[in-house]
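Listed next: structures, encoded as structure tokens.
Look at the two complexes coming up: subunit A is in both, with subunit B in one and subunit C in the other.
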Partner chain A sequence: MSTISPGLVWRLSSRNIWRNPKRSLFTLLAIAVGIWSALSLSAFTRGLNQTLVLKAINNLTGHVKVMHSDYHRDPVVQHRISMPGDRELEILNSVNVKKWAARVRVPGVIMSERESYGVNIVGIDPAQEVNLSFVGEGIAQGRELKGPEDEGVLVGKKMLELLQTDIGKRIVLMSEGEAGEIADRGFRIVGVFDAELEATERVFVFTGRTVLQNMLGIGDDVSEVSMRVVDGEQDLVKTELKAALPNDDVETWETLEPLTVAMRDVQSGFLHIWNIIVVVAVGFGLVNTMFMAIFERTREFGLFRAIGMRPAMIYLQVIGESIVLLICGALLGNSIGLLTVHYFADGLDLSRFAQGLEHFGAGRIVYPILRTDDVVVSNVTIVVLAMLSTIYPAWRAARLEPVEALSKI
Partner chain B sequence: MKTLTRILPLLFTFLIAPLCASASEDSAKAKEIVRAAVDYWRDKSSYTASEMQVKRPTWEREMKMVGWTKGMKKSLIRFTEPAKDAGNASLTINEDIWSYTPKVNRVIRIPASMKSQSWMGSDFSYRDLARSDEIVEDYTHKILETKQVDGHNVYVVEMVPHDSAPVVWGKEVLDVREDYVMLKHQFFDQDMKLVKVLETKEIRNLGGKLYPAVMRMSNVEKPEEWTEIRTIEAEFGAPVPDSTFTLSNLRNPRAR
Partner chain C sequence: MSEVQKQAPIVCESVKRFYQQGDVTVKALAGVTLTIESGEFVSLSGPSGSGKTTLLNCVAGLDIPTSGEVYLIGNRVSQMSKSQLADLRLRSVGFVFQSYNLVPVLSAQENVEFVMELQGISRTERAERARAILQEVGLAGMEHRRPAELSGGQQQRVAVARAVASRPQLVLADEPTANLDSKTSGALMDMMREMNAEHGITFVFSTHDKLVMSRARRLIKMHDGLIESDEIQS
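Then we have the complex of A and B:
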């Protein structure tokens, strides 16, 4: 019976937007900026998180690590494990494990003629470290270690500076030996590594694994076996190793790097908070716009009602107007967001803030990562909640008394 | 051609081989000198009473101490004056050093990381304290020259640490008098720049033999900073009981 079809309501909604283009444009921009900020912020945070986690894993942690059950608590030479045996090797060489390395790692002291510093002395088999840790990624100056028998040492760039020494010169490394005695010997610096974090350059000193084993008098034993696994198989590998080595400690990086995990969780939480802030801001803006639109058109709504438009249609008309605004705003926001992420796809160089970033362990270059679920969550929360916020003005419009409305100016 | 092949071995025998031989003989002799000097200095056992003066640009202080050594690996040093430092003691057995501070009534084992730090605020490090015959085994020795000082022959021995030796210096040069009294010990960095010097300022007859009674350790880069140890009284070769070098004696000194 009614001649007022939903199609007409829709037409009315979209035309109402152009009644006051300036106001609509600002609302649209508010929505767009909200979505854009949510998207780029989430992409940037995810990127920062990614570098954070990669850094932690690269920092001699790996995805899974096998240690003596007391090593994590007290990393001394007495808390060591034997080289991987047959059963362990079977797991380590399976398809689930990409790379693994056995290392000797003890606290010690590095000394030059002028200075001495506490460091972590790490004995490595350089071939095992490629694609596993930062030391396998190549070095800045000098040469790399040639094998587990290499008697040279690699020190960090910062450490070289602190010790006031140079490549080709000798330093002394000192640690506690197997029987609690002092184990020390001279080494020649053969290379210098350059890590993104200065702390890393200060903490680690690398030499051949066999050489360090001989210095400490621990035979063929090692301190840790660290590995990188295929995505998603981390817990499986951990369970298998734990079954094979019931007396040793098998941990994933989440346990070994609680700070990184906490940082990651805090940042994810922050993203949600930001989404809510954006929703609230956009929502209020939208409510305000819709109220203004309704007050302007009180007489018009009264007329509609008088000529027989049902309240539901008026309600839909107002909601429809906000939907058009929201969809256009969302489209605009998403495209600017995608463009922003695309623009920084080659990495956002934060070297200027490097020192500050070091405090929370992030690298100098951040690659933004736009995850589909982040896009969906931001869009859905913003669009849905903003729509909910227009229900009230729409409801007010629908409830207008025709006679009263018509008599308004 | 034929003559050349015949001449080459001859050349080697008469020209090169003696050089090599003399080089290794020279190094053996140098090593002997260093060993004898260390033996002469530490003796079988010793007791010394000495003063230590630490000099800095803005302040200086003096302490008195007594010390016992036995063999190459054991030593005990205890401060007696001033009252503030009295009772502070350091015990060295092999490479381990323990320190006792009466104020806190605690024996602390000096960790490896602290060994290169200053001992009692002086220019000596804990390492210098534990140092004894390492300078014999860890180095390659060479006599640089033999010179005349005050009517004595003095050997100048260059000591280059082995690559794997736990020594940070580029080389050390030791001046040893023919009667094995050490005159000077110079420490060079790896650019062969002189860093610190331990010098004998005065030789006196102490405990029945000539002994470097006044020794001064100075830092070449900071000329106004030095530490002098003046030995007042000494006894050598007298039996020192093993119980002297124990943690309980470090904490609760027995009457000597």
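Then we have the complex of A and C:
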């Protein structure tokens, strides 16, 4: 029996790659670009998804929220809950909950001398909002609220513009009171917040929680208790709270922000589709290259078979060529991919598209997130499918009939 | 035919090979009976389409006769599997083709070592044998050149060197001088004759070339798939 000489297979495979350097280079680039695009796209999509989710959570939603059972359907003042009692506080102050805040939040109207707009009036304890929601991240102009008794009002940058007013000026907030009467009072604008998303700047107006409770006449009651929890403990906290408050509604952000969840899933879906397109394109490219490489060498394979080379060795030789191309392409693709992610590690500024992004609820800066499983999946899929796509050309080469092959010029 | 004769490098008994081309049956070999003994230096000549290449292919087990029997170095070709045939060729038959003979990505020496490497001969031994044979064919100092860096005549010398380096009993050459000028052809023929004389290797080559025919000891002429004449030249 003729032996399969690994040395000879390797020599033939590796040298044949450089027989047509241009073609090999293009194939290598196709693989590299495939992996690079799969990596960068997944990193940016993950990043975009994360900003999307963070924005949603930051937007007064939190990970878990407790509300009156009818509040989500109809967020009026009558659908309110008591301030957390001992049993709830035990859960809220447990290690699983990072931060929590109790807020009064009712629909109302803000009026300046010139304009009036429908808004969400939110009564907060500013200290509770730090590291919990965007309003705790500081303000753009003026001063922050000092406590739940603060009688000042914070409005969004956009709202200030719409109301054609300024810091220090008075506005009137009006809502439905506890008994269904009109509850209103004058406030002074003390600060302006910048929420990146104009929609947020238009929707929310903040004041001290006690002040709003007094205006509405609801005593110590609140509309919602929102919290941030330790990663992965969301469902546990929800279950505990639900047990403590069987009559209230306890929901996670996924239920409260279905649009964000849908956007996230759609983007992940696009990512998968893109990866499939890339893999198919690379696969076809490789099949084509290998077929061309074999077509050019038909006579040579005929000669090999005539002098007694085993088909397996021809097969291994063709597969070997693809493996070398694949490894080089994959190394290049991964390197460029990692460099791209590293280059944009401080965030990719999408201001130019920010108007459009707002509709998605995402922020202007995306921080790419490269997950190990994405790297593994991108590489494994492309490498495995590219390997599969060379099996057929290799098999064809190995099955060539020497007489027919030798008669080809 | 006696068993002793069947041990000869090549024995053909009424070998026919028909091809179907559309509705027409092409009789490439119309019944060839032939014995080539060990150590012979044989030329197969005849016009295009006379069946030279088909006969060589059938002899080498690369093509299967429609009827008749071929014995290659004592083996009945029709009873052997493809892999047994491949192995027999690897061990006992050297090939020289008219062109595209060498592996372009391997150097002259690596090309000569090629068959030996497939046979599993050790690196040192094959390098030694390759260098010796390259020297014998007048290519000393060109061991590391790739085929593209060699002239047509030099390439065919490397091909002959590869064919004989593995010490086969038989070398089959299909128009080995077709792309060479007469001077180079003559030199290549002289070289093959030397190999034949010194190593006792049987050579069978198909050719159109008068010069090649004139150097053969036995001249077989073919026409329309049959042997027209078979004579020993002085």
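Following the convention adopted for this analysis, the second predicted complex is superposed on the first by the 405 of 409 C-alpha atoms of A that agree within 3 Å, B and C clash if a C-alpha of one lies under 4 Å from a C-alpha of the other, contacts with A are read in each partner's own complex, and residues count from 1 in each chain.
Quick note on the criterion: contacts are C-beta pairs under 8 Å (C-beta built on N, C-alpha and C of every residue); 3 or more make two chains touch, one makes a residue touch a chain.
Because the structure is a prediction, the values reported are computed rather than measured.
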item	value
Joint occupancy of subunit A by subunit B and subunit C, clash or fit	fit
Which superposed partner A:399 touches (first subunit B, second subunit C, both, neither)	neither
First (subunit B), second (subunit C), both or neither touched by A:87	neither
Contacts of A:342 with subunit B and subunit C, given as first, second, both or neither	neither
Contacts of A:171 with subunit B and subunit C, given as first, second, both or neither	first
Which superposed partner A:7 touches (first subunit B, second subunit C, both, neither)	second
Partner chain(s) touched by A:371 [first = subunit B, second = subunit C, both, neither]	neither
First, second, both or neither for A:305, with subunit B first and subunit C second	second
A:185 touches, of subunit B and subunit C: first, second, both or neither?	first
CA minimum distance (subunit B, subunit C), superposed complexes, angstrom	84
Footprint overlap on subunit A, comparing subunit B with subunit C	none
Subunit A to subunit C touching residues, read off their complex	1-3, 5, 7-8, 11-12, 15-16, 18-19, 299-300, 303, 305-310, 313, 402-403, 406, 409
Subunit B-facing residues of subunit A, complex	108-109, 111-114, 116, 118, 151, 165, 169-172, 174-176, 181-182, 184-188
Contacting residues of subunit C [partner subunit A, same complex]	57, 60, 62-63, 83, 86-91, 94-95, 97, 100-101, 103-106, 110, 114-115, 117-120
Subunit A contact footprint on subunit B (complex, rising order)	94-96, 112-113, 115-116, 161-170, 187, 189-190, 195
